[in-house]
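So, here come the structures, one by one.
You will see two complexes here that share chain A, one where it goes with chain B and one where it goes with chain C.
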Partner chain A sequence: MVIGAAHVLSHMPTKVERWKDEAYGMEIRDHLERFASEGFQSIPEDERDAWFERFKWWGLYHQRKGQESYFMLRVGTPMGRMTPEQLRTVGEVAREYATGPVDNPEFGEAYADFTTRQSIQLHWIDIEDVPAVFDELESVGLSTMQACGDSWRNIVGSPVAGRDADEHVDVWPIVQNLHDRFKGNDLYTNLPRKWKVAVTGDYRGAGQGDINDLAFEPAVKEVGDESAEGFNVRVGGGLARKEPRFARDIDVFCRPENVPAVAAGLSGLFRDYGDREDRFNARMKFLVDEWGPEKVRSVLQEEYVDYELPTAGEDLRDEYDYNAGRADAPGDYVGVYEQRDGQHFVGLSVLVGRMAAEDVIELADLADAYGSEMIGLTQRQNVIVGDIADEDLSAFLEEPLLEEYSPDPHPFMRGSIACTGTEYCSLSIVETKNRMVRYARWLRDNVAVPEGVEDFHIHLSGCTASCAQPQIADISLRGMKTRKDGDAVEAFDVGLGGGLGENPRFADWIEMRVPADEVPGYIANLLETYEAEREDSESFRSFVAGRDESELADLADPEETSYEDPYLANTKMTWYPYAEDDAMSASPAPTDSNDEPLATDD
Partner chain B sequence: MPTAVHQLDDGAWISVNDSREVTVSDLWRLATDDFCSCSLTDFLSEGFVEVAADGPHVEARVAGQCIRCGASGVTGWLTLGRVDPDTDTFYPVDQGAIRRPNCQSADPN
Partner chain C sequence: MADRILKANAFTTFDLLEGSVEGHGFTEKAPAVLNVRTARRDPDDVTLELELDNVDLDSVPPHADRVTLSSAEARTLATELREAADRIDETNRAGDDGERV
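After this line comes the complex of A and B, so read on.
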C-alpha cells in the first residue's frame, strides 16, 4: 500500500533548526569573512553542511555536487528596482568574480541571472572573493542580506511603481520602509522557513501576490463618507512541492500607514506558530491550511496588532492582467509604456532571464546615457529601463543592444522563463536554461504563432520546488525522468492553462513524462489544434479552461521533430553539463580562487 | 563510530558522515507489491522523507513515482548503501540493482 505523503512528511529533520540556534543572522558575516581570509579548506569538513545552511542568510548557496567550493550569490533588489549605477556594479562584479572553470555554450564566460522574484543570481563565486564582492555591492547600496535563508526574502512588486501612469497607490515608499525595517531585524532573523512578501499598488496585479506568503493587494474601503485607499491582505500562497496554494483572504483592510504593523504581526505570528519540527510543513501556506483564514485573522488581532483591524475593502482584481492569459492585454511589461510624467519606460525581453556580464554593463551605460534613473527587474525575468524622454525614445529603440534584448520580441522568446536547473542546482532533475533557449528558438523558427497572440508563456522548472513558477503559465514544464528506448532520459510533465489575474488558476497536468526531445513537437501540435479549434480570438488560457481533462489529453501528442536535445542524458550526474569531459570524476573542484584544484586527502 | 546521516537541501540529498552521497532524481527498480501494480516499479526518487543508519547500512524512505504507471507515494525503508567501518567509505547500492523495501537490497558493491 502506498503511504500518503502528508502522513510521512511529518517526520522531517530538525537539524537545520539546531544549526540556526547555534549561529544565524548577522553574526554569520563575521564567520564568512574569516573563512574567506583563510580559504575554503578552513571550513571544517564535518561542519560544512551547517555552515552552508547558515551562509544562505547572507545570500550564498553552495553549488551542487561536483562544484565544491563554488557558491551562487543572490542579490535582493526590492521590487526589482535599481539605479543604472547599481546595475553596472552587478555587471562588473559578474565579469570579475562570476567565472568558473568552463564557459556556458549559450551565455559565455560570465553572466547574471534575473530571477522570478526580482533578484539577481551570480554563479561560480569563490568564498575568498566574498568580502570584495560585498564591498563592491554595498558601495552602491546593494546587499545580499536575507536574499536566501529562513527570513524575510526580497519584497516583490511592480518596479515601475510611482512611474506607472495607471496605478492605485505608489507602493515604492512602503516597500522601502518594509525593506529597511525587516532586513537585519533581530526579531525576524530566524523564521521557521522563508517568508515571501508582495506589495501591489498597480491595477495590473504585477506583484503576483497570490503566490506569496503575504500579499498586500490594492483595495478601497468605504468608511462613512470617506473612501480610503489601501490594501486587502492575503496570506499563505506558494507553489513548491506539488502543494500549490493561492494566498487566502483574511478579511483585513490595511491603510498604507498600517502596512508595517500588519506585516510585523503576520511575520511574528509565522515566527511563533510556524512548524519548526518539520521543514516540509513549515511554510505559511500549511499553517493557513491548518488554522483557516479566520483563525489567522483572530490571532493576528488578539496577539500581534494593537488597533482594530478593519474588514476587507473592495478589491480591484477584475482589472488584473499581469500573467493573466488575457487576450485583450499584454501579460508582462515588455514594450514601450508611457509614464505618468510623460516620459517612457521600456521593457526588454531577456530570454530565460540570463544576460552576459558585458551586456549588463552596456545596458547600464545606455540607461545612464539616456538619463534613466530607474532599472526594473520583473517577475517574468525581464528588465525595464525607465525615464526615457519622448524625444529620445526613437534613438533608444534603435540602439544595437536592443536587437538582442528586444522590446518587441517574438512571442516564444518573450514568454519563456526557466529556473537554474542542473547546471548549478542540487534540487533540479533536468537541465533548464540552455534547453529553454533551444526550445524557444526552435518554436520561433518552426511554429506559426496563432493569430493575435503576442505573448505566450512557457515556464520551465527543473523540479517541484517550482522556482520558474510552472503552475501559472500557458504551458507548464516540470522536470521529470522517463525511459526512452530503454534508456533513462530527462523529461517533463506538461501542464496547460495556468495563470494569475482576477481568478487565478493552476495548470492542469495533462501529458506526463514527455521525453525532453519530444516537448517542442508536442507544443507545435498543441498550438496547431488551438489555432484550428478556438473560437474567434479566444485566449489559450480560456481555450484550456473550456475543456475537461480527457479533451485536453486529446489535443496533441508528443513527437520527435528536427529539434535536437544535447542534454537528454542525466545532466545531474555530470560535474558540469557543458564540460568537454563532464564526468563527475573529471571535476576540478574543490578549487582555489584561481579555479585550480585544491589538494585533497584523496 | 556510529554512522552520521541526515538530509540536506530539503530532502534532495543524503549526507553520510558529512559527505553528500545520495541524491534524488535517479531511476531505481523496486520489487514490491506495495507501491504500484507494475511487476517491477520503475521508481523516480523525488525526495528523501526519512533517513536512518542501521549499523553500517544507510536506509531511507523515499517520495517518488513509478514512471511506468504514474503511481506516486512514499516507499518503505530502502537500503541506499553501506559504510565500511574501517575506512568510513560509503558504498552505494548499484544503480542497476533491484531493490526491495524493508530488507537488504541486492549486494551493495
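After this line comes the complex of A and C, so read on.
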C-alpha cells in the first residue's frame, strides 16, 4: 500500500509545512520566472521567508544578511558525473553570472564550488538572471531541480562507476534510473525533510553510504547454488544537528533490478511516517532511532514493497578505503588510475573544492581535447578526468593547469574540505574556505609530513550543521568563538580520528575554542607527537583510536606561529568578509542585476 | 572527550559567555553557550539553555541545562534583565558624569 502525499499533509503543522502546502515543487519555477522578470523587489517583503524556502526546491538559497537579493545556486550532478561540455557550461555560467560586488582575494571574481555531495554551487546569482542560467544549464542536460529542499537530493556514488577496474557492480545505470524516476516525481516532491541517497558499487566505499538517509552498499547473496550480486540496504545516516548517526543495517539484500522499488518504498515510508511537526526531528535518522531497524524493515515489507525482501547478503566493507584513514591505501581518488578499458582516469586535487571559472572552462576544454567523455566530482571536493588514453597520459600530466590542480599534490594540499562559511552562509560563525587554503599552505611550507602519509584529511566546518563533514576526518575543525587578548575571535573546536571504512568512527572532540590563528601550531605540534610516538607505519586514525581521552588531550597544545590569520575578527558581522569596508552598513545589497544598490524606502 | 550538547551557529543567542559552575566544595569557570529557543510549531513555551565547555570542567560530567518558561515567565525574565541592564547603564552614565566634573 502506498499512501498518497496528500494524506499526510492534513495536519500542516510547521510554518515550513504550511508554506510547502501552498506552493512547492515544479510550480515554483513559474513563480521564479515571474519574480525574475519583475525584479527582486517584486517579491513581497512579508512573503520572502516563504518564497526563499520554496526556491530551495529549484536549487536556490538566498545568501546571508548583508547580501540580500543574491542567491547561491546549486546544480545537482548524479554521482558527480558530467561531460566536458557540461563542465564547460558550468564554467561559462559561473563566469557570466556568479559575480558580485567584491572579488574573493584567493579565488578572484568568479568561481565554482564542488561540494561534498558531488554538486556544484555558484554564488552572487541575481534572480533576474535565473531564467537565463536555467536555460544554459538545461541546454546541456544539467538541472538545479531538487538540488536543495525537502525531496530527493543529488544521488551520490563513485563517479568512475563502470570505468573503475576495481568494482563489484556498475551502478551508473541504476543511479540514472533513480535520478530520472525521483526528480520531479509528484509522489516524492514534498518529503518531511531532505532525502539523501548513496549508491555504492565499488570496493572502495566511495559512495560514503554510512552518512546518508538511504545507502545501497555492495553485497553478495547466496541463494541456493546461485551467488547474486547486489546491495545491502542501510538507512538513517547523517551528520547534522549535533546528532551524527551512521546508517543502520535493516537486513535487506537488494538485487540491482529491485533498487528502484526499495528506494521508492523507503522514501515513501519516510514521506508518510517522518516527523512533519518538528523539522529538527524530521530526518530519517530520528525515525530509525524511534523505530529501530527491525520495524523499518517490517513496515517496508508490509506496506511498501510487493515482493518478499531477502535478508542481507555478505557485505564487502572490509575492503573499503575511501576516507577510511588507512595507512595502506589512499582515501580519495586523487592520482592516476587504470580504467577497465585500459585507459586512465586522473583525479585532480581541488583545494577546498573551489575552482576559478576560467580554470573550469580550461579544464573542460582540456578534457575534451584529450577525448575524455567523463568528468567526475568526488565527495572529497576534487575532480576526476576520465578516459585518458595510455599514449596521451604523459602529455596530459604535463599540462600547465595540473600544476594548480595536481594529481600528485603535497599531502597537506590534498585532503582538505571546507564548507561555505561566513562568506555566504547564514548559519556559519567563522570564515572557512580562504582560511583552510591558508592553513594548507602554511602546513605545506612549515611542517614535516610524517613518513608514509600521502593524504591527511582536515575537514573544516563553520558551525555544527556539519556541511564539511567534520566528524569524519583525521582532524575535525568546527567553528566557534573564543576570547583572546580581550577580544572575541573566531575559533575552532578540534576533533581527532574520525573516518569511514569498514568500521566508521566519529571524531573524538579534544579541544574547544582554539583561536583560529593557533590551529596551525596545534596541528604542527600534534603531527610532531604522532611522528615521534606512532608504531611503525601506524595510521593517524589508528594512533588516535589507541589512546584514551586524557592521552589525546595531552598530545599537543595550540600555539601561535608565523601563520597569520586575516579573518580573526567576527566575520559573521561583516556584510562580506573580504570587502575593503566590510561593515554591515557598507553593504550595497539589495542590488539590481548590475550590482547597483536598489532604491529603498529608508 | 564528549562533543557539545548544544548546537552553535549564527542563530545561537550567545556563543561566547563567561560561565561558572558551583557545587559543594567546588567552583569552576568555563566559557559557555546560552540560547533562547522556542518550538517551531505553535510554540507554547520558551526554553532557555546553557552549556559550559566540558573540556574545562572536572567536577561535573558533560551536560547542558535547560529551563522552560511560559510566555509570562519569559517576559518577567526579560523585564528583570532589562531593568538590570538599565541599572548598569545608569551606573556607567553616573561614572561618566563624575569624570566630566
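Here is the rule we go by: the second predicted complex is superposed on the first by the 589 of 602 C-alpha atoms of A that agree within 3 Å, B and C clash if a C-alpha of one lies under 4 Å from a C-alpha of the other, contacts with A are read in each partner's own complex, and residues count from 1 in each chain.
By definition in this document, a contact is a pair of C-beta atoms (placed from the backbone, for glycine too) under 8 Å apart; a residue touches a chain by one contact, two chains touch by 3 or more.
This one's a predicted model, so the numbers in the text were calculated from it and none came from an experiment.
Once the two complexes are overlaid on the shared chain, A:Met512 sits against chain B and chain C alike. By the document's definition of touching, both partners, chain B and chain C, reach A:Leu427. When both complexes are overlaid on chain A, the residue A:Arg483 reaches chain B and chain C alike. When the two structures are aligned on the shared chain, A:Pro173 is found in touch with neither chain B nor chain C. When both complexes are overlaid on chain A, the residue A:Asp49 reaches chain B alone and has no touch with chain C.
With the contact threshold set out at the top, residues 13, 15, 241, 279-280, 426-429, 463-465, 479-483, 488, 512-513, 572 of chain A are in contact with chain B in one structure and with chain C in the other. Interface of chain A with chain B (complex): residues 1-5, 8-9, 11-13, 15, 45-49, 65, 241, 279-280, 426-429, 463-465, 479-483, 488, 512-513, 570, 572. Across the complex, chain A is touched by residues 1-12, 15-16, 31, 39-42, 53-56 of chain C.
For chain A in complex with chain C, the touching residues are 13-16, 64, 241-242, 277-280, 422, 426-429, 463-465, 479-483, 488, 493, 495, 508-513, 549, 552-553, 572.
Interface of chain B with chain A (complex): residues 6-13, 15, 18-20, 23-27, 34-36, 42, 44, 46-47, 49-50, 61, 63, 67, 70-74, 76.
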